[in-house]
Every structure is written in structure tokens, then in C-alpha cells.
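Okay, so subunit A shows up in both of these, paired with subunit B first and subunit C after.
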Partner chain A sequence: MIVTLMKTEAEEALARQFAAVASSLPGTGVAAARRAAAMDRFRETGLPHRRIEEFKYSDVRSALKTAFAPADVQAPIVDANAIEAALGPVASLDADRLVFVDGAFVQSLSSSEIAGVTFRRFATGQPTDDAAFSAIAGANPLLALNEAFASDGAVISVDGARKLAGRLLVILYLHTAREPRRVTTRNLIEVAANARIDLVEVHARIGTAAVQTSTATRLVAGDGAEVAHIKIDREISAATHLSLWDLELGAATVYRGFQLTAGAGFVRNDIVARLPGADAKFDVSGLMLGRGDDHVDTTLVVDHIATGCESRELFKAVLDDRARAVFQGKVIVAPEAQKTDGKQMSQALLLADDVEFYSKPELEIYADDVACGHGATAAELDESMLFYLRSRGIGLAEARSLLIESFALETLEKIENDDIRAVARSVVITWLGADL
Partner chain B sequence: MLEIKDLTVRIAEDGKEILKGVTLSVPDGEVHAIMGPNGSGKSTLAYVIAGRDGYEVTGGDILWNGTSILEMEPDERAAAGVFLAFQYPIEIPGVATMTFLRTALNSLKKKRGQAELTTPDFLRLIRAKAAELGVTDEMLKRPLNVGFSGGEKKRMEVLQMTMLDPSLCVLDETDSGLDIDAIRIVADGANRLRGPGRSMLVITHYQRLLDFIVPDKVHVLAHGRIQKTGGKELALELEKSGYAGFAGKAA
Partner chain C sequence: MPAVRETVEQVHALDVDKYKYGFETTIESVKAPKGLNEDIVRFISAKKSEPEWMLAWRLDAFERWLAMTEPTWAKVDYPKIDFQDLHYYSAPKSTEGPKSLDEVDPELLATYAKLGIPLKEQEILAGVRKQGEPSGLDQADGYQSMAGRVAVDAVFDSVSVVTTFRKELAKAGVIFCSISEAMREHPELVRKYLGSVVPQSDNYYAALNSAVFSDGSFVYIPEGVRCPMELSTYFRINERNTGQFERTLIIADKGSYVSYLEGCTAPMRDENQLHAAVVELIALDDAEIKYSTVQNWYPGDKNGKGGVYNFVTKRGDCRGRNSKISWTQVETGSAITWKYPSCILRGDGSRGEFYSIAISNGRQQVDSGTKMIHLGRNTSSRIISKGIAAGHSQNTYRGLVSAHRKATNARNFTNCDSLLIGNRCGAHTVPYLEAKNSSAHFEHEATTSKISDDKLFYCRQRGLSDEEAVALIVNGFVRDVLQQLPMEFMAETQKLIGISLEGSVG
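Take a look at the complex of A and B:
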């Protein structure tokens, strides 16, 4: 065991908490040893800080000054009506549900049987599947921390025998705590070859206390699978939200990912995608909404390994007050990945003088027959557009919201499912309407 | 009635004086043309009437129906009946043309104390007016002015002017960039709006638009002042002699 001096109060607290709760976390034997090893890896690095290149603009060490106590493994009883209210527009989705409350699965709030989907709790059995997280994701200290503390999550297999159209599964993570708590979940999703699923991951809060969320999802799609994967984060000024998606997509898969972050304090969304099969179509996009002192970071690595794949990324940020957004998008094209077609765009709308937007596109291209491009913009509302609208009788406030909405809602065109898009739209409109 | 009285205007940013004492009146129901060379201040006058930022009025006044509009916001001026057809209509990605038209119309109705239109009534109105101007359903579904040709943009301006029922129409170089067929469509649209309750100020560099929208009076604007006012025949004179004759009259 490597012992490194923990440098901050939060890091020391995490080590103490691990010693205290490790034995009550799910899994014994191999799983417990893996947790201990993960905690050791975390100790080596501690919380990532700005001197680590990938975290230059998002210093997790200073954002996480204290480590809240882990949430109780036994979930509290939650009233179903309270959940619907907390979900807001998301409640209207007609879908199968898996519900996790304060990091523990709640059967009574979840669908008992989901056609074509096999589900088990991460907390039951031996969660040895974790070895599957990719090397890129594995280098992230936040993944090690997640592995050490993960209390539960969804382990899902999507059946490829039948290609069910319109299958929609929502995984809800609800926070109810009245005291500040830390919640750690971990998901493994396997989509069989040629299977199809629309998956929506929702993070919402019922309780009044701040929450430190850590969530890691490993998604593996077999050849020819079609996956829509949407994350909606409406924790609303939770203390921190640390998310990691580790995606591996087979040949000729069609993957459409989307992350909507509607103001959740300090947010770090890591996305790592590997495309080891030929002719995959990969699109991951998102919208980051921030006001007050919100800080929203999306850091993306797309690894093109095989020929003929397409990757598309569109990330936008709407920033008011003193909010900050970060977009880091690295696209790697291996020597074998000829005919790669990659396009990336990041755009920020700056609504106040003190907002900040950091955009860092990176292309690492080792193949010679590829078409890759990227762009970034940051701008205030366009005065000539505002004048044009106002000259037609539209008041200043309404003209502003029309332009802000149109900027933000463009990203939602990436969501193909009409019902999910309508829900996302409603989340965006509600957020925008809160004080514009 | 529009009354512009000894109006002096400079660019806020660099202090450059553009209008140096413009005086003119457009009585109700009349169409007046303002002609002038490039850089004479024609577009500045149009923007100042509509209330665009970036100009500083240093003297004089603009009265619309006896009330000064200089302190009014652009949308308040629109509610009072002012409409500017832009020389270069602005493209607004992400805002569907139909949504924009409906929002604008209902904002104006509200400000004017009129009932908002129901969806079926709105659709009936827009379909009828769009057809007159050759504006297709497909154009109405697109984001406002995005990807429109020059002619489509100007037809959209006139469609807006028709829908929003202004009492003072300012047309800024509506003919620029249009071929003769497009000018005819746009001019027909403007002519349909001529009537006792509506005044028009048609700003143009060339005489040819005035073959289609025949003005009651023509004013020549050069070097920031109205240099000459006359009947429609003044436009024809200018077509022959050009603006060179006004070069020496700079202040």
C-alpha cells in the first residue's frame, strides 16, 4: 500500500470516511480488495487540481473544500408524489424507470420488469465488471474515488434478439438528504449487437441540503446497435456534480449522446469515447446553463481507432452573473483510422461582464486521409438582432429571451426522440425563465 | 403627420456629424421620397426615426402625430405606428419566421390595447398576406431571413410591414440588390398599403423605385441637409443630372 500524505482537509476526510464505511459498502472479497486498491490509487493523486492539464480550468481540489459524509446505504422512504414534483417536466415521460434515492436502488418506485432489458443492482453480487472501464477513463482520479465509494447503480444488459422501437428507459438519481451528503453511483450498460435503446439519466434533488454527486457510467454497444443516451442534470445548485461517461462503440453503431446541465454548482462532466469498430456514427452534444457562481465543465476525449467513423460534437453554454463554463474536446485519430470525419463546435453566449468561457479543442491526427474540423465562438447578444426584433414591437426582455432561447434550443435538435426533446426543452425554458 | 425639425445627429462612437439640420414634413396619407448620394445621411435618418442605438441627437426633434418620439424605445415607436423596412434585414438563426411574426404582432396588439389574434385567425391572415407577396410556407417555417435571397428578404420586410399595420412606413433602400421583377413585387406590396391613414418615407439612391412607388414629394438629402424639395419630376431631373449639382452646397 502506497501512503501519500493527504494534502487537504477534504482529502483527509475522504480517507477517514473510507476506513469507516468500506466494510459496509456492497461487495466482499475481490470487490472489497478492488475498492481498497482504488482508494490507494486515489491517495496517490488526491483530488485533481489546476496543475494537472485536464483540470487546468476546473480545480476540483478547491471546489471540494469539504467532503460531505457518504449518504446512508439504506435509502429513506420517499413519497412518490414528492418525486414527481422534483422531477418537473421529466415526470411526464412515458418510460420504464429505475429509481435510485440517495445512492440506493428503490424497487417500489421502479418498473418491475422491462421488456428486453436485464437489470441488476450494482450493490448485489460481485461488481467485478469494473475492470472494463477504459484506460483513458481509468487515469482519472475521480474514477478511482467513484470506484472506492460506489454504493449502488444500474447494471443493465439490453437484449439484441428483438429490435424494439421506442424502448425508453429512465434512470433517476434523486437526492433527498436534509443534511449535506455525498452520493456515489456506478453504472454498467451493455447494449447487444443490433439492439436499440433510448436511455435517459436524470439527476434531481428533493432535499434542501447540498449534495456532492459522483457518478460513473460505462456503456458498451455491440456492432450495429443504436443508442440514444441523454443526461439531464437539474440538481440546481447542488454543491458538486462529478460525472464520467466511458463509452465503447462497436462497428456501425449509431450513438447519440446529449448532456443538459441546468445550473448545478460545480459540475465536471467527463466523456471518454472509444470507436474501435469501423463506420460508427458518434454524436455527443450538450448544453451548459450557468448563473450565479455555477461552474460547468465538459471534458471530452474521442478516440478514433477504426476506419470510416464519424464524430460530431456541439456544446453550447449560456452564462450569466459570474458563471463559468469550460469545454475541452480532444479528438484522437489513430494511423489506422482513415476516412475519419470529425466535426466539433463549442459556443458560448455571454450575458454578463463577469462570466468566463474556456474552450480548448484539440486534434491529434495520425492518419492522412481524414476530414476533421473544430470551431469555437463566444459572444454577447447581438445588438443588431435585438434592434431588429424591437423595431417590430417586441419589448427588450422578450427580445432578449427569444434570442437566448433560440441559441440554447438549437442544441436540442440533436435529441431525436420528440418526447425527450420536449422534456429537455421544458427544463431549459424553466431555467431560462427563472430570472432573465 | 411626421415632422422632422432641424434635426442634427452625430455618431455616438466617433462624434462624426451626419445630419446637420434636417427639416421636412410628411402629411397623413402622403408618400415622400428622400433621394441622395451615398454617405448623405439617408440611412442614418431612417435608423434615428426607428430608434437605433449608436446615434446621438444633438438638436432638433422628430414628431409623430404631434408627439416627440426621440425618448421612446424602438418597440414603443413600433407601437406608435413606426415601421422601418431595413436595407439589410437581419438574419436571426433559431427563431422561426412564423414564431417571430406572431410574437411581433401580438406584442404590438397588446401595446396598442387591441385583442391578440387567435391561432386560426393569425394563420388565415398570414397565409393571405404571404400569398400576395409570393412568400411560401417553406419560407415561413425557416429561421428568420436565414438563407433568404436578397429578394426574399425584401419581400419578408414588406410582409412584416403589411402584417404589423404601421401608420408610418420608412423604406430604406428597399430596391437595392433587386432585379426589376422583384422591385415590382415589393413596390406592389407597398402600394397596397397607401391610404389616408398612412404616411411613407421612401429612401432611395436611384430613381427607378419611384417609377413603381410614385411619390407625392421628393426631397434631396446631401451633406446632412435637405437641399431641395419638389414633385415627382425632381426624381427624373436627378436621374439626368446626378447629385453633382449639390456638391458645392456643403456646410
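Take a look at the complex of A and C:
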């Protein structure tokens, strides 16, 4: 056992909380030992801070000044209508649902049977440990913290029956607490070879109190699988939202990921993708919306290991007031990963004087027969475009909102499913409408 | 263009292995004992007959250095340097005397002849033309005839050996001399500006340099003067187990202009040599400094044995309104390169430029790039970086563009392209963009690719060998940067690119 002095109040609180709740968290024996080991690992590093390169622009230590108490292991009773109302446009999605309230699964709100999908609660089975995650994700102290406190989540396997194409599954994480709470969830998703699924992960808040969420998802797609993976974050004025996706894609898979952050507070989205199979097509994109004192960070690592893979990333940020956005995108191409085709773009629209945008698109390339590139831009609204619209008789306010909308909505083109795109669109429009 | 042909012929004539500057010159030298401590700092200061304030400044730097640790963030990998196993001062014995080139040790002159740099000085030395006469190169276009002459400051190991054309420069009011001389003769300028861009505690190597730097060049261009000729410094590490720590300080006063060239080579040795320089540029209102470097330190042999460790801090401060600093660098040498020529755009309307070609082959590791720090209003910057990795080398571009809150209307354009030759090398791009106000406009693009087979095929079908074809294509790839180089360097650079990539194909 390694004993290191905890440095901040929050880190000390986390250690105390762990000692208090560890026994009530799911898993015994080996699983409990792994939890304790994860806490030890976390204790060694503490909360990541700006002197750690990956967290240079997002100092979790200073964002997480106090650690809220972990949510109860039992889900509270919630009114189904209240949920529909709080979900807004997301409620309209015609799909199977798995619903987690304050970090615990609620059967009564969820679909009882999902065709072609086997589901079990993380809380009831043998919990997944960090060893199941990739080495890159495993190096992130936030993953260790997640493992230590994870209370529930979805363990899903999707079978390979092609005829079930068009399956849409929504995993909902709702926060209803009236007291500040910390919610930690963990998902393991296995998609069989040649299977196809559209997954939507939604984070929303009903309660009045601030919430600290940590969620980690490990997704493994078999050869030839097709996965659409969309995350919509609507935890409006949450305190912190820490998310980690760890993706592993087999040969010739088609993966289309999208993250829409219209929540608020301090958001850190880590995405790690490993492409060990040849000819995979990987696309992950996102839109970060920030206002007030929001801080939204997307940090991405794409690890090309096999030949002939394609990766595409488009991330945009719309920033107002004093909001900050961070995009760090690293593309690694191993010596064996010849014929890699990688393109990445990050763009920020800066609407107010005090916003900040940090971008660090990184290429680390060891193979010569590749075509890799990235671009990054940051700018305010184009005066000449505004002028053009106004010269056509459109008022300034309307011209501005037209331009902002078109900038933001471009990213949604990446979502193929019309219904999901419509939902995402209305989330964006609602967010933009709030002060435009 | 006769001069170009001459360069090419000279380069051919210097038929030594792949690194053609690998010779060693036997010149008697005075060395400080190995190791680094306060006494060595005092010794260097005394050797240079420095004023008391300078010694205090050095000791302060040394104290800060002791408290610092070596940076490890760069993507370079090398055994730990034993800073006690180096000579921190070495000077050719004949340094006391020479006031003109005639008095210089003929061995030294022969060294420069072998180096082939600078061409025009050699023309003069060989009696081809008299000083001041235009050379064949100048007649190529009218623009060059004024700046056709190059004044040279030669730094051998730790000491400035000779500075040419001083009288003529003095007529224009330009001060061009070694920095130790400047400390004695222009203490007010040195004291005012030294360390004002790169403070002693800036980083580990800058602190080390501040403590032990032995010489370097000093340039002051007075208000409104356009420097009548190109200025140039030539650095050479000759002695075994010496570190070279030079310090360059260039001040362009209001409305002045100067173009400065820097070249460097070192003998081939099995052990590694350390080079940690600091360059400070200061541009006041409406002044412009153009700084070009052709860095060709010994890169080590093909197995990575030997070679120079090049840890350099170069920074320009656009202190005045509408000032401009432009860095152009051709990096082909050194086992390890750790170098980020930067611009602080402090004055309103100031402009920074960075043009770079970094070529790595064999086991070389390059981690280079720039920082453009926008502080003033309406500042703009442009970065063009071309990295070429071959053999087993690693080539990293690392850059920062930042616009501070008050830097309204900051503009940046960045383009960094990498070319990989072979699949045992690596090319990496690590750009940081930091926009802290909404009126900043940043554009950044980067690509990595290989030489396309159809281009190679086309060249070969026209009768070029593989290597010639690669050199041709690479020269095309780096053309944007080559065009920024002064004529004197362009021809050599093109040839250098060919030589650097030898053995990288097939």
C-alpha cells in the first residue's frame, strides 16, 4: 500500500468517502480488491492538474474544489412525467431505453427486453476493472477515480444478427438530487462482429442541486461492425462532468461517434480510440457550447496500429461570455499503420471579448506512406458575412444568429441517423436561443 | 550564376564522408579546467576582463541554474549530460592580436576556406576582387548589389576571433563586434539590453549560458540606419570536450534594418559536444531584424555515435510599434536539436515571422519550432515550417501561438508540413494555440505525407537517380522557406539538403 499525502481538501474528502462507502459499492472479493487498488493508484497521482501535460488547460484539481458526497446506491423514486419533461427533445426519440437515476439503474423506466441486446447492470455482475481499458486510458487518473467509485452502469453485448439493423438504444443518466451529489458510472459495451447499432448516451439533470458526474465507457467493436455512438450532455449548470470513452475497433469496422456538450460547468471529455484492425473507418466529432464561466474540454487520442484505416475528426466550439473551450487531438500512427488517412479539424467561434480557446492538434507519425493533416482556426464572426446579410435587409441580431447557427449545425451533419440529428439540432437551437 | 556554381564545386571538392565539415584544426588553445563551479564562472569573467556588474550577473545566473532541473518535455532521448565533464572555456592562443585577417593564424584561415563559408570573404582573400567591389553574385540582380558584402564575426570554440569590415560599418554608425568587446566599449548598451529578452532564469540552458557564455556577437544599428551589408557570424566548435556557449545580442534602434546570418559546424568526434547558445533580438519602433541560420553542427555517425547536442534559446522582442522580426532557419545538423526561435509581439502593429526547414537523418532527433506571443494590438505572425525525416530520425515541430487579452486583432497563419522518407523515422507536430480574446484570428494547418511514387517515377524516367530525384523533390517541398534565405545561403542550403538526405533512399 502506497501512502502519499493528499494535497487538496477535495482529494482528502475523496479518500474519506472511499473508506466510508467502499463496502456498500457493488462487487466483493476480487472486485473489491481491484477497487481498493484503483483508489491507491488515484491516491498516488491525485486529481490531475495543469502541470500534467494532458491537463495543461483543464486543471481538474482547481475545478473540483470540494468533492460532493457519493449518491445513494439505491435510486430514488422519480415521476416518469417529470423525466419526459426534463429530457426535452430527447424524449421524442423512439428507441429502447436504459435509465439510470442518480447513478443507479431503474427497471421501471427502462425497456424490459431489447432485441439483439443482452444487458446486465454493472452493479450486479462482476464489475469491469481498469485492466479492461486501454493503456492510454488507463494512464488517466480520472479513470482510476471512476473505477474506485463506480456504482452502476450498463454492461451490454450486441449480437451479430444483421437483420436487426436500425436498432436504437438510448442510455439515460438523470440527476434528480436536491443536495449536491457525486455520481460515478461505468459502461462496457461489446458489439459482435458485423453487428450494427445506434447508441445514444444522454446526460440530463432534473434536480436543483449541482452534480459532479464521472462516467467511463469501454466500447469494443468486432470486425465489420457498424456503430453510431452519440453522447448528448444536457446537465445544465452541473458542477463537473468528467467523461471518458475508450474505444477499440476491429478490422473494417465503421464507427461514427459524436459528442454534443450543451451542459455547463466544468466538462472534460476524454476519448481514446485504438484501431488494431485494418481498414477501419473512424469518425468522431463534436460540438462544444459554452457560456457564462463554462469550461469545456475535449481531449482525444487516436491510435492507428493497423494498415489502411481512416480517421476523421471535426470539433467546433461556440463560446460566449467568459467561457473557455479546449481541444486536444492527438493522432498516432504506428510504423505498421501504412496507408493511414487521417484528417482533423478544430474550430472555435469567439463571441465575446473574454472567451478563451485553446487548441492542440497533435500528430505523432512513424509510418511514411500516410496522408495525415490537421487544421485549427479561431475567430469571431466574419464582418463581411454580417455585412452581406445586413445588406440583404436582415437585422444584425438575426444575421448573427444565422451565422452562429450555421457554424454550429455543420457538425451535426456527422450524425447519420435523421431522428438523432433532429434531436441534437433542437438541443443546439434551444441552447443558442437562450440568449441570442 | 558563377557563385552558385562555385559553391557547388566547392562542396563537391570537399569530398569527406557525408559530413564535410568533419575535419579538425590543430590550433593551440587555452582551456579552462573541466567542470563547472563558481570559480570557473569567475575565471571566464576574468579572462574577458569583464566589469564587476557582469560577474555579478553571471554568478546570479549560476545560482539560479543550480536550482533548476533539466527539461524533459521535448521529444528527444539522450543519455544524461555530465555537466562537470566539460571544458567551459577554450580559446585559440592567437586571439590576442589580430586586427585584420592577415594577422590571423593561417590554420584558422584554412579552416574557413574548408568550410566554404562565407564565399565572398574568400573571394576577397583569394584576391579575386577587392573589398567593396561587387562580386559576380551581386550582378545577378540589382537588389543584391548593395548588400552584396558580408561582414563576418568568426567565433572559434568560445572566442570571437575576427570581425571584418568594422571600419566601414562604423561609418554608418553600426556597431558590430564580439560581445566581450561590447561589454568593455559599450557597457551602457549591453547592460540595458542583455537578458532583457531571455532573462537568466528563463530556462535551464539559458541559465547555464548566462553563467558561462564566453563570447558571441553584438550588433547595434542606430536610429534610421539601414545596415549597409549583411552581417554574419560563423561558429565553430573545434576543441575536444568543450561546450560552446555563445551569446548574441542584436539591437535595431528606431527605423533601422539589419539582416544577420549565422552558420555553424563542428568536427566529427565520437563523443557528444554541447552547444547552448542564447540569442536576443530587440527591435524598437519601425525597426526590422532578419535573422537567418544555417545550422550544420556534426550530426553524429549513422549509428548515432557522437554529434552535437544543440540546446538553443533564441528570442526576439518586437518592443517598438510596427517593428518586425523574421527568423529563417535551416536545421540539418546536430544529434539533438532543441530550439524554438520565438517572437514577443509587444509593440502595436508588430510582426513576427518564422520560416524553418528541419532535416533529420541517421539517428538525429530534432525538436524545434517557434513561439509567437501576441501582446500588442494589431500584431500579426506567420509560421512556415517544413520538416523532413529520414533514416531512423525523429523530427518534431513544437509551436505556440498565443494572443493575450489585450492583443486585439491578432492574426496568425501557421503551416507546418512534414515529409517522411522511409518507415523507421518519425515526424511529429505539436502545435499549441491559445486565443484569449475574441478578435484574434488564428489559422493553423499541418500535413504529413511521403514523397509520392508518381513524382519519383517521373523524375527517374527523366534520367535522375533516386537520390537526385529525392533531393529535387525535397527542394521543391522546402521552396517557400528557401526563398526567405539571403542569396549567400540559398545555394549552399540546396546542396546541403541533398547531402543531408544521402543514403536515405532504398
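One rule holds for everything that comes next: the second predicted complex is superposed on the first by the 430 of 436 C-alpha atoms of A that agree within 3 Å, B and C clash if a C-alpha of one lies under 4 Å from a C-alpha of the other, contacts with A are read in each partner's own complex, and residues count from 1 in each chain.
Just so it is clear, a residue touches a chain if its C-beta (ideal position, glycine included) is under 8 Å from a C-beta of that chain, and two chains touch if they have at least 3 such contacts.
Given the structure is predicted, the values throughout are model-derived calculations rather than measurements.
Touch counts on subunit A: comparing subunit C and subunit B, the chain ahead is C. When the shared chain is aligned, subunit B comes close enough to touch A:403, but subunit C does not.
When the shared chain is aligned, subunit B comes close enough to touch A:392, but subunit C does not. In the superposed pair of complexes, A:371 makes contact with subunit C only, with no contact to subunit B. Residue contacts after overlaying the shared chain place A:338 against subunit C, while subunit B stays out of touching range. When the two complexes are overlaid on their common chain A, residue A:362 makes contact with subunit C while staying clear of subunit B. For the contact definition in use here, the subunit B contact set and the subunit C contact set of subunit A share no residue. Only residues 50-53, 73-75, 77-79, 83-84, 86, 89-90, 92-95, 100, 103-105, 107-108, 111, 143, 160, 164 of subunit B touch subunit A when the two sit together in their complex.
Every residue of subunit C that touches subunit A in the complex is listed here, in rising order: 73, 405, 418, 420-450. Within the complex formed with subunit C, the residues of subunit A that make contact are 53, 335, 338, 348, 350-380. The touching residues of subunit A, counted against subunit B in their complex, run 383-385, 387-396, 398-399, 402-403, 405-407, 409-410.
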